[in-house]
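Pasting the structures here.
Okay, so subunit A shows up in both of these, paired with subunit B first and subunit C after.
Let's look at the complex of A and B:
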């Protein structure tokens, strides 16, 4: 087990380096003079030179990347070219907001998804099954930002039940969480359904039923437990996708998280902030997947031993 | 092992008779409810895109400030927007953009991804390691983050959105193809062809590729759905296709400021988007049921 964790961790290293390289290349990808793009059309030659000096753009590429990596190891993500604030100071408080948002989205996704999946699987090919799966595929096809706008219209503008925007109050959690969680709920419901159907066809479930175990117990104790293992992986992956889904949700509900930070930074051509946010989001995603992998392994091991 | 005798004719049919294979696929797709509904939706939108000039009731970009924020009526079926433009005509005109972005970015991403996946799976070792590590890195950016990063650097335009989404699609296909190649590579038939002296390129593209096409076709349909959503998302954030182009995501972005009094500005482009994406998702689901014998028990 420890060997597995260490080996899996070693595999992470090239990915992490690759992620930093891609983030580093964002500035290099800018067509034309990056300093000019960031400083704006009206910038004087001195200002441009200052900008290049600050960002190290005059150095050869490998030196630039080396500095970039060395700073990164010291948790230094550079400075905003707009406000001169350290990017880390901008990112850190917003990171928690996005994480919190992703968490509530995941809660919605898991609760609705598991329930839907079980409801569908326990009565295969019934109208209940068909209806749940239809909802799932529609949920999967809905742009979350549009869903957010529609929810906002219905619950905030028409009914006046919930606030339209912001973050911090408990009432402000519902709409963004549903917006984020819907697609995830759809994916989890489909996954749970197919995993349950597979398990319900297994011999030990038939044995349990033959023994006269109550149907409810068969489903929740015998079937669901084992069906959950592949579902855990999907849930873990979803959390990572929520981090990027947050970009759109935060934009809809004016939530001051990482997503809004990166979008604002893009419109202000503040590329160090874009780089910093992209790195933080991608690394969080990579680490989440790492943890999910280990969790999956642990769960599987326990089943094997039992 | 006992079933090898039974498997053989099935495999020969799969490889040797492409016509009957397409025919049987077509029959399966019609019988499958998902793909039937999905195809109908997509054919509808294809027709809308093709006959857009005849279906539009107004010029999609002509403004009429005296008639802004009109609610749906017999004159403006879906109402008018903040510049008095006819929303119905804009949605009809925008259909081809949505289909174009989705299909082209997946076509480019799949083409590059398939070649890389074939190389990685066929040659293995060093080639495999390099290609798949790069794919891992690209897949480390969740959802639209990679596309967002690329578009932010290249600048907001339709072509840059397509470039960004193509790159985003490459590792998805590379990974799937590689996996399937590893399964097919050691099949006796491929070994026999290699023993006969066929060149690597011929083996890969003529003999292995047709055998790994099923998962690619399924994924392509689902990936077009994802790409359309991502493209609309980028436009919605203001970093994709720019107004006044009647792209659906951009329409949603400009409409959101008027949610309070005129929700119809965001309602109709959103419904169109849901329907198109639903079409590709349903088709993908149906294709999977039809092509993957494992999933149909």
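Let's look at the complex of A and C:
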């Protein structure tokens, strides 16, 4: 097990290097003079020179990358070219909000997805099954932002039950969480359904019934525990996508998360902030996958040796 | 181990179980009767697809959709189990009636410890607390011959061999001291030496508890070793029934005779030997007369009519009245019918 974790961790290193390289190149790949693009047309020659100096753009590439990495290790993501604030300070609170949003989205996805999948699987080919799977298809094919707008229209504008935007109050959680969680719920429901169907046909489920275990427990204890193994992987992957997919939801509901930060930074051509956000998001994604991998392995160990 | 003359523990009458598939009704079990008394072992034998498993699953009411018990009665010490509600019968399952299955490798839940799985039935039916159930589970594991039971109880199924797992299954099945144990091919998946041990174990446990045992197999060798009485099944019907000695001494039904030819090599699956030409007919091509007709070397015109399971009255040599057979040869009609044919 430890060997597995270490090996898996070593495999992360090239991925992390790749991530930093891509993030680093964001500035390098700006066509033309990066300083000019960031500072704008009106900037004077001195301002430009100052900016090049600040960003180290006059150094050779490998030196720049080295400095970039060294800063990164010290959790220094540079400064915003607009406000001169450290990028880390800009990113951290926003990251927290996005994390919260992703968490609640995941809660919706997991609760709805698991329940839907179980309901469908325990009555295969019934109307209940058909209905659930139809919802899943709709949920998957509906664009995120459109769903967000529709929910907002219905619950905030027409019914006035929930606030249209913002983040912080508990009432503000529902709509964005549903918006983010729907597609995930659909994926998890499908996955749970197929995993449950497979497990419900297993001999040990029949053994449980033969012992006199109540049907409810047969499903939620004997079958679900086994069906969860593949589902956990999907759930973990969802979380990674949620973080990066938060951008649209955040802009629909005017939530000041990382998504908003990066969109604003792009429109203001504040590339160090873009860089920092990309790194944080990508690393979170990589790390969640790492954790999911290990979790899957732990859950699966007993079966694998079999 | 002689049959008692009290009410039998299990009495199955006219049991019919069908699968309602897209291609129509498949009559997996079609009018099966038998009974097993306390301390008695009934063996059900027959080729693959003859309806043995569906018969046993019907008794447990574990037939899965699209299968359905269509008719008949299943009496446990006089109570008709089919008249019970689902929740009433759930109290019997694993408690008064237990079952062990063919596949010990997959019949235990991989994510729970062996001890947990044995104590589960005890907690449900005997309402034991966690600790007591665990204690009792360990006692059961010991009883079925598992060495170091305290330690094994903490293990997961994958850490045990096939033979050990089947012992665990037996421990689960017997934990609540059932009146009836159904064993559906309990040894088919195991090595020959382990097979003998498991059969021996079931026998010993029966002797001490007096339970009725229904053992299902396609191996007449297993029948010879364990059973007191035998029911031979073919295409969803019982075609011959007799006590074990009689059956081996003088098999009557042509199908039973065919099965007997496989005995000298009972280490090999009968199915592989193909002593009887052909296979069990599918429900679509099931003859309306004797179901064995297409494969029977003695088939005659009269066999176009469906024979009933009856005490043999003709042509059976040895004089005794035990057993029943579903074949025209052993009836009066056979003589008249074949004589008529000869004349023509």
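Things to note:
We adopt the following convention: the second predicted complex is superposed on the first by the 297 of 306 C-alpha atoms of A that agree within 3 Å, B and C clash if a C-alpha of one lies under 4 Å from a C-alpha of the other, contacts with A are read in each partner's own complex, and residues count from 1 in each chain.
In this text, a residue touches a chain if its C-beta (ideal position, glycine included) is under 8 Å from a C-beta of that chain, and two chains touch if they have at least 3 such contacts.
Remember, it's a predicted structure, so these values are computed and weren't measured experimentally.
Contacts of A:209 after superposition: subunit C is touched, whereas subunit B is not reached.
Once chain A of one complex is fitted onto chain A of the other, the partner contacts of A:30 are limited to subunit B, with no touch recorded for subunit C.
After overlaying the two complexes on the shared chain, residue contacts for A:123 are found with neither subunit B nor subunit C. Of the two partner chains placed around the shared chain by superposition, subunit B is the only one that A:267 touches, whereas subunit C remains out of contact. In the superposed model, A:286 lies in contact with subunit B only, and not with subunit C.
Within the superposed three-chain model, A:226 lies in touch with subunit C and out of touch with subunit B [touch as defined at top].
Judged by the number of subunit A residues each one touches, B leads among subunit B and subunit C.
Contacts of subunit A with subunit B, set against its contacts with subunit C after fitting on chain A, share not one residue. The touching residues of subunit C, counted against subunit A in their complex, run 60, 62, 90-95, 98-99, 101, 103, 106-112, 120-121, 124-125, 156, 158, 169, 172-173. Against subunit B, in their complex, subunit A makes its touches with residues 14-15, 18-19, 21-23, 26-27, 29-31, 137-138, 140-143, 145-146, 149-150, 152-153, 157, 240-241, 243-245, 247-248, 251-252, 262-263, 266-267, 271, 274, 278, 281-282, 285-286.
Those residues of subunit A that touch subunit C in the complex are listed here as 202-204, 206-214, 222, 225-226, 302-303, 305-306.
Within the complex formed with subunit A, the residues of subunit B that make contact are 34, 133-134, 136-138, 140-146, 148-150, 152-155, 225, 229, 232-233, 236-239, 249, 252, 256, 259-260, 263, 266-267, 270, 273-274, 277-278, 281-282, 285.
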